[in-house]
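So, here come the structures, one by one.
Both of the next two complexes hold subunit A, though its partner changes from subunit B to subunit C.
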Partner chain A sequence: MIGSLAELLRERPESIKKAKERGAKVVGYFCPYVPVELIHAAGMIPLRLVFGGEAEASEAGEQFLGSYSCPYARACIGYRALGKDPYYAAVDALCVASTCDAMKRIQDYWQYYFKVPVFALGVPRTYDRFRLRPYAMEYFEKELELLKSRLEKLSGNEVTDRRLRDSIKLYNSIRLLMRELYERPSGGAQWISWSEALHISQTGLLLDPSEFLEELQRIYSRLRSSNTLRAMAGREAGAEERHEPRLMVYGSLVSLGDRKVLDIIEQAGGDIVADATCTGLRLWRKDVSESDRPLSALAERYLTNVSCPYMMDMGMRVSYVTKVARENQVDGLIYYNLRYCESFRGELGLFEDALKKEMKIPVLLIETEYSPSDVGTIRTKVEAFLEMIRGVYA
Partner chain B sequence: MVALFAGVDIGSTTAKAVVINEGGAIRSWLLPTGAKPTEAGENALKATLHGLGSDMKDVRYVVATGYGRVLAPFANETVTEITCHALGARQIMPGTRTVIDLGGQDAKAISLDESGKVIDFVINDKCAAGTGRFLEFAAKLVLDVPLEEMGPLSLKSTAPVKITSTCTVFAQTEIVSLLASGATKEDILAGLHRAIAKRVGALAKHVGVRPVVLMTGGVSKNIGVKKALGDELGVEVVTPETMDPQLVGALGASLIARNRSLGIELRPGIMR
Partner chain C sequence: MDGGLTGFNQVLSLLLSSRERVSASGKKVVAKWAFLPVEPIFAAGALPYDPHIGEGLRHVIFEEDTSSINYAVESGLPPDFCPWNLSMVGSLTKGENVVPIDLFVVACGCWCDSMSKSWHLASQKLGRPFHYFDVPRFDADIEERAVDYLVAELRSLFRWLEDNLGKEVSDAALKEGIRSTNRLRQTMADLTDLLQADGVAVPALEYYLLQMTMSDCLEAPDALNQALQVLLQESKDRLRAGTSASRREHPLRVYYSGVETQELSLFNTIEDSGGALVGCDTYLPLFRGLVPVNGSPVEALAEWIWRTPYNFPTPERIRAIIPHLKKQKAECVIINNATGCRYFTETSRLAKDLIREELGLPVLTVETSLPGENVELTESRIKAFIGTYS
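After this line comes the complex of A and B, so read on.
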């Protein structure tokens, strides 16, 4: 089913190369705060640099960042330094949301060592009683205006409201379908797994959005029809519903290629049904208003979507994560922390209180990097966690 | 011919086997794991059976546990050491609510409810700090004290030194400089044990420490660590009296093997 998507991905470096030869510029970006619609409306190629999981890139980044630093940031610098990855090599300019320290280092090093023009997008992050300061939106909109004019200068294309509206519409359609893919129909229906949905979403961040949307529509309609058939067959045969422990994955970003923890969970029989990560479902939450002034609509959507612990009010994070856990009736939370991320690690106590103590949902902390050296320990932890949830030996 | 059930715990340093019949534990064997974990597990099992005048054909079911469990082709099933330790602990010390296991390369703390069911656990990360390897290293290479004398010797300490690092490599440097400054072996050993107790105590506190606290694993044979851990946690720490504390995981595995084989209903379903 996803074979055609893999094909698109295989051809993508070549199509980027051809587009660049015709004068198109590639803008790499980080963090879900960057409104991809702006880059697209400027006729540029947006690429969310979402690769990780390879120890080699992380090691290459070590000479810049040192070894006690975010493995993802190290990889993002390492990939460009190694020069082998076609996406990282294709980047003409970078847009980095000013979020955590690791993002700041990516900004600095790409500018300093790789001489790539960088736009740092300012994002307000101070809250009072679950609300951003009243002037936060105004500030963020000004940042987007500045980004727009920089993109126009770089591309030589004017970002008209009309173009921007078209881009918003396109990405809203993608968001809608991605949400449908993640949210399995209830009633034991056959659907793709959470990690397949994640893979589709990560792939989509690298593809041309129009092509990606077409592919999504194909995937979705195929799923819908086979799902209806299976549901009918299942009812007739009285098929039993499988009930593996329902797990939720918490964490920063699960990057393309970072399969270590997910594979271990799935091999151990855990059924991932929900997530609270930067690259999961919340990337596709919340549409951009198609009726408001485009720039204001973008500012509203991107600034108020659920964010990471570094940027978002603590109470709002807790209520979001517990809500997802409750709605999906999860049996356990896998707290996947990329090592050295103090922001995400720092929330552990909050979720142990909110989930473990109050909701009686057990929490398993896994702290790791991209190297495979700790696979055995992680496997033991995950298997023991599932044995505990299943309670079969008690 | 009696039906036998086996639990094999292949740890990083030692392979352990426990064979039981329908009644209870009857024989066990320990072997160094060495470079071939699969063979060590199998040999421990064969040696145990040999001691019983029996062999593999009498064994109905084998459960493997420990880090080498995935490499055990002779096992019918693998179960993690967390579950196995919990079951073993419940068997030999009913009423256990906290298990602290200090093995060769890992440290774990398990919290049990009244019925002996696992409700929380924590395992240290890949670093060997505060585990058996660390003690072995300090004893043999740096202090020249036989492993089994570490505990008793440390109890003679009058002024335990403060050791800040439980990193195996850095602690060596620290110990060398302590020796150079005239600290006695007794005081250094007591300091080492305190450092381990602090680190492992933090793990245990994470899952919540409720008595009875049972300490298992090779390191629990060290009276100095056991005492320091009790001081650190402010509760009495007990060790198994009726069997080698290294065998608790294998015992748990053998109990699962017996239950599986006899079809004793193992409570299925999801804990909520």
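After this line comes the complex of A and C, so read on.
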């Protein structure tokens, strides 16, 4: 089903190369606070660089960030330093949201050592659901204006309101279809497995958005026209009899290539049915309003989407995780923490306490790096966690 | 420590009598992190207290008791977290805090992520109100926008203080607080200037501890200033008499950068190896310049906050410190990364390269942890470094 996407992905480096030969510029970004629509509307190629899982890239980044730092951040620098990855090598400029420490360091190092122009985007930490500090939204909108002017200068194209509205429409269409793929239309069944949905989500971040949308439409049509949903429902019923523990993943970014923990869970018999990660469902859940003022609409959407722990409104995250967990009848939560990710790790105690008040599901912390050395330890933890959940239903 | 400095002994006495002083005042205590100004708290009729220093210094360093760290881990923090946050959260959740705390306010700016999480956790465990003050990213040349934002954040802070403490934070009270803390800043700056002399007026460990007191002024800026004035005079007298804290006639002039360390022996090692501490930038932003008292005190504080070097990207932060390095005539730099501190660990390579590029100074990076852990390795490296460049 996603074979055609895989083919598009295989061809992507070459298509980027050809586009660059025609004068196109590539703007890389790492964090979902960067409004991809702005880059697209400026006529440039947006690439969310979400590769990870490989020890080599993470180790290459150590010479810059040191070993006691986020492995994803190390990889973001390491891939460029190694010079082997075609996506990282293709980047003409970076847009870095000034969120966690690691992101800010990526900005520093790419600019200083790799001499790549970096457009920093400030993100206020204090914006919350109750909009108690409205000037934070004004600040973010001004940061977007600044980013827009920098992108215009780099590309030589004016980002008109019309172009921006067109980009917003395009990405909203993608978001709608991604939500359809993730959601459960009836009886708890899903169109595709969570793992496939995540893979599609991550892949889409690298593809040309128009091509990605076309491909998503094809995938979705095929699913609706086949018996897939009913087949999934059948499998779901069988699964319920055995009670495969239904798990949700929440925490640090799950990058493309970072399958270690996910594979261990699936091999141990855990059924991951949902997530609240920034390369998964959380990314697609909220549209940009197609209003008269597209820049304001972008600011509104990107600042009020479910936040990462960089932001201070933890209540919003707890509410969202609870909602998704209930909708997907989750038995347990995997709190996935890349080692030295302080935003997520520092919040664990507070998060668990708050979650317990909302719903009684067990939480398993898995803290790891991009290295195979802890596979055995993680497997033991996961197996024990699943046994505990199975024991509840026995 | 050098027991012969009366002024320093007075400072130490103030530090160790925080609990009694707070209790006698009858005032509420607001736990605040270093780079948040103290003036709004004083203006609201409360006392500022930096629990990193208060709890970290008292329990972990002076009493050599690290058992509270286990409480921090049980509360949810990882054992490889920032040691200052671990000792603070641990001490508070264990119930052994030096000073009882009524409110928590943290600045969550362009520096480390662990700060906001630890302080939020501590406030939750103690059941105390918590406020966060944001210093987001601004371009260095967009001053007006930055100041406007920070004024709004300050006013939000004032409203929160007023709601919780019942006293208006007036411009007049702010100005009075600024005048008091400016006197303290000036004295600390004068002491720092003495380090430019060839002799060593203020020993390394004493200077390091003194600049830490700038965070909460030990709840008593005037008393602290008086003690520092005594020390300033003693130091000037020593310089005139040619009495130096260093064993060498021309010690290697060492500048300390990076995160504050709990391994205080590092400073004695610097001197024992033939070096002299001529500057330190861990708390330098707190006394690097006076806060103007003419005009709007809120705008003055907002601008002062914005200019804190830690708000800038690393290259700009280092470039902001370089004039100070030159002024203090540093001959080498030691950058400390505390185990668990991501901010400095992740920036130390760039900081090192920039300092070498701009000034051509040799730079040593060390890593310190809780007191006594891996200290031999650190000491050997410092001795070898100072020995090489002396």
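One rule holds in what follows: the second predicted complex is superposed on the first by the 357 of 394 C-alpha atoms of A that agree within 3 Å, B and C clash if a C-alpha of one lies under 4 Å from a C-alpha of the other, contacts with A are read in each partner's own complex, and residues count from 1 in each chain.
Quick note on the criterion: a contact is a pair of C-beta atoms (placed from the backbone, for glycine too) under 8 Å apart; a residue touches a chain by one contact, two chains touch by 3 or more.
Computed from a prediction, not measured in an experiment: that's the story for all the values here.
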item: Room on subunit A for both subunit B and subunit C (clash or fit); value: fit
item: Which of subunit B and subunit C A:E387 touches, first, second, both or neither; value: first
item: Contacts of A:M312 with subunit B and subunit C, given as first, second, both or neither; value: second
item: Subunit B versus subunit C as contact partner of A:T377, first or second or both or neither; value: first
item: Greater residue coverage of subunit A in the superposed arrangement, subunit B or subunit C; value: C
item: First (subunit B), second (subunit C), both or neither touched by A:C100; value: second
item: Subunit B versus subunit C as contact partner of A:L65, first or second or both or neither; value: second
item: First, second, both or neither for A:E367, with subunit B first and subunit C second; value: both
item: Which of subunit B and subunit C A:D331 touches, first, second, both or neither; value: first
item: After superposition on chain A, the shortest CA separation from subunit B to subunit C (Å); value: 6
item: Those residues of subunit A which subunit B touches in one complex and subunit C touches in the other; value: 367
item: Touching residues (chain side subunit A, partner subunit C) in the complex; value: 63-66, 68-70, 73, 98, 100-102, 104-105, 107-109, 111-112, 120-126, 132-133, 135-136, 139, 142-143, 146, 309-310, 312, 314, 340, 342-343, 345-350, 352-353, 367
item: Complex contacts: residues of subunit A adjacent to subunit B; value: 243, 245, 331, 356, 360, 362, 365, 367, 373-374, 376-377, 379-381, 383-384, 387-394
item: Subunit A-facing residues of subunit C, complex; value: 75-78, 80-81, 108, 110-114, 116-118, 120-121, 124, 132, 134, 136-139, 145, 148-149, 152-153, 156, 313-315, 337, 339-340, 342-343, 345-350, 353
item: Subunit A-touching residues of subunit B, taken from the complex the two chains share; value: 67, 70, 79-83, 87, 106, 115-123, 125-126, 256, 259, 266-272
